[in-house]
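This report refers to the structure that appears directly beneath it.
Chain IDs A, B, C and D follow the sequence of writing; residue 1 opens each chain.
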Amino acid sequence: MHKGRLEAFSDGVFAIIITIMVLELKVPHGGNDLRALIPMIPVFISYVLSFVYVGIYWNNHHHMMQAAKSVNGRILWSNLYLLFWLSLIPFATAWMGENHFSQWPMALYGFVMVMNAFAYSILSNSLIKHEGKNSNLSKAIGKGTKGMISVACYLTAIVLSMVNPWISFGLYVLVAVIWFIPDSRIEKSMAQD
Amino acid sequence: MHKGRLEAFSDGVFAIIITIMVLELKVPHGGNDLRALIPMIPVFISYVLSFVYVGIYWNNHHHMMQAAKSVNGRILWSNLYLLFWLSLIPFATAWMGENHFSQWPMALYGFVMVMNAFAYSILSNSLIKHEGKNSNLSKAIGKGTKGMISVACYLTAIVLSMVNPWISFGLYVLVAVIWFIPDSRIEKSMAQD
Amino acid sequence: MHKGRLEAFSDGVFAIIITIMVLELKVPHGGNDLRALIPMIPVFISYVLSFVYVGIYWNNHHHMMQAAKSVNGRILWSNLYLLFWLSLIPFATAWMGENHFSQWPMALYGFVMVMNAFAYSILSNSLIKHEGKNSNLSKAIGKGTKGMISVACYLTAIVLSMVNPWISFGLYVLVAVIWFIPDSRIEKSMAQD
Amino acid sequence: MHKGRLEAFSDGVFAIIITIMVLELKVPHGGNDLRALIPMIPVFISYVLSFVYVGIYWNNHHHMMQAAKSVNGRILWSNLYLLFWLSLIPFATAWMGENHFSQWPMALYGFVMVMNAFAYSILSNSLIKHEGKNSNLSKAIGKGTKGMISVACYLTAIVLSMVNPWISFGLYVLVAVIWFIPDSRIEKSMAQD
């Protein structure tokens, strides 16, 4: 089965998820000076954070699918499962932004991120199973150390949100920074072809 | 006529339908603890159900179109007719979720699903008529037993919603499970080529 | 210049326009029985009408672009001009539906449709100018009789909305029916290649 | 790395950005005659202006990416950075429209436009670095004189919004006109191939 439509459909969902988050930036009705924008700062910060996260997922999805040769029914569903959890990011983001990074919204954000990380690893396992352990894709995906560090950070952030939600926020930023540093493994592996 | 744009346009509509349903998960303004999320549970459950349904339709659409070689004007309109009924799923889902799976919203959900099933069979008939009865596509689509079982379940669910809406809910879950089990016919038929 | 991205971008905009109209079907908060849906009937009817119109435009756009070989800057902007007027259909539809097909909303709907018809003819002229008068595309587009009849119907509908808005409604349905009958010219012209 | 998915994802985001702006044209509930539309005139004007801006960006993005042969991780992120600033245009547009082009919203609009211009130049620099200084792309992008004039206009508009916001408005229209005149450099350079 060709991978073209899986990519096209995923791109559509990614594009919508990354864009509907901006709808939470509601136009302030109470004024037309700069002070009217101040209450929007936490909503804006949470938008930036989630934009980066969705961007990272899109980047990694792009890299991984490019290394894939074809797909099967199992991969289609693994992909939909990932898209499901990605689709909850706008909600978690909005709840976090409107409550100024308070405890439970911070924990929920971490929970959604853990589920996204698991869904992504399910998708990559489905792809490896389909392409074979000695495939380019399998070598390219590697051991998934970054993914494990991320999940550890998310879980720590969920627990520490009870102590101080800003520690959680720092951990979410840290994970984004770790992933922002380009994952050169897949690119190198493909270049060697 | 090439099938590329029909697939691209359909992917766009599918992506939007599956994503705008999440907009019903409105951020609770009354609190920032976990209890604030409790009223959202029925909305969330109905979102999961419809996400799976739209996912199933996208999967089947993907499989069926992949087996097709070209399209004609009749197929374009059959496809638009299917997209029309799919576009009503978010409304039916939201009404069901906000009324905690009560009688009439459950019946409407079933009605929308029956219309989707009919629209899908119209599309597959248009494709078979275009490709020929002995085509790969025709063999792959088969007798449509699953589709008939689904419609029987929907109609039963509509009637029984007057007795107990949860029976209807159970039937909708059952149909989703039936379809979730991958329809291996088309994949096999294509592999034999 | 390749036509691929013009088609992809247009498909995205078409998909969003046709889908955001369904957001006007707001979940009734006043009840969970069938009577709660009665006030939505005019909104639903106007949704069906506009869905068919956008579907017709997508179909014709698809046919016309398929006959085109390449595009230039002028065509890109003609296309954006068409997308601009198409993007106003959801607003005109919503105003019409919420005011139960009263005079001025009916007239505005007609005005938006006239502008769409003009924009479409500008786009087809740009394409003919680019491809040449003896091209397949030029023959396929033909004299545009249907388009002229449509504009005459729209203008009549705008004027007669002051007498009885339902005459206008009838004329809008008539135009949709005229276009729904497949425009076989382009398909035939391409088949002769 | 192929450029296909970068284009598809960008097209999706462009399509959503250009279309969600129309959601600000909210159906007037206070009446069904033409006077009910009068308060919407500033919202409509700001929609037209931003539609043209996003159209210009899509056009330029299209031209530039068509001249590119492949992409790398750096280009993917430069592109996401541009999409981020583009995604803030609907907010800036809505605030401007709802406050009838008053001082601070005009200044914010200019600020968002400056950031978009910078993001676009970062993307074009990433592409030039990847393709080489003697590539077609590099020659096609040229010195970026138009971009520099635009930024100068935006900055002037931000400062002069304190004197008279309509001067700023005039400058934004001027920039749109400058870009609307087709940038023939890239098209010519490609035609010479």
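As a working rule, a residue touches a chain if its C-beta (ideal position, glycine included) is under 8 Å from a C-beta of that chain, and two chains touch if they have at least 3 such contacts.
Bear in mind that the values here come from a model prediction, so they are computed numbers and not experimental data.
The copies chain A and chain D differ by a rotation of 90 degrees on their C-alpha atoms, rounded to the nearest 5. Where chain C touches chain D, under half of the residue numbers in use are shared by the two copies, so each contributes mostly different positions. Each chain gets a centre from the mean of its Cα atoms; for chain A and chain B, those two points are 26 Å apart.
Taking each chain's centre as the mean of its C-alpha atoms, chain A lies 37 Å from chain C. In chain D, the residues that reach two or more other chains under the touch definition are 8, 12, 15-16, 20.
Of all the residues in chain C, the ones that touch chain B in their complex are 7-8, 11-12, 14-16, 18-20, 22-23, 25, 27-29, 32-34, 36-37, 48, 51, 55, 58-59, 62-63, 65-66, 180, 182-184, 187, 190.
Residue ranges on chain B touching chain C, taken from their complex, read 1-2, 5-6, 8-9, 12-13, 15-17, 20, 24, 72-74, 76-77, 80, 83-84, 87-88, 90-91, 94-95, 98-99, 102-105, 108.
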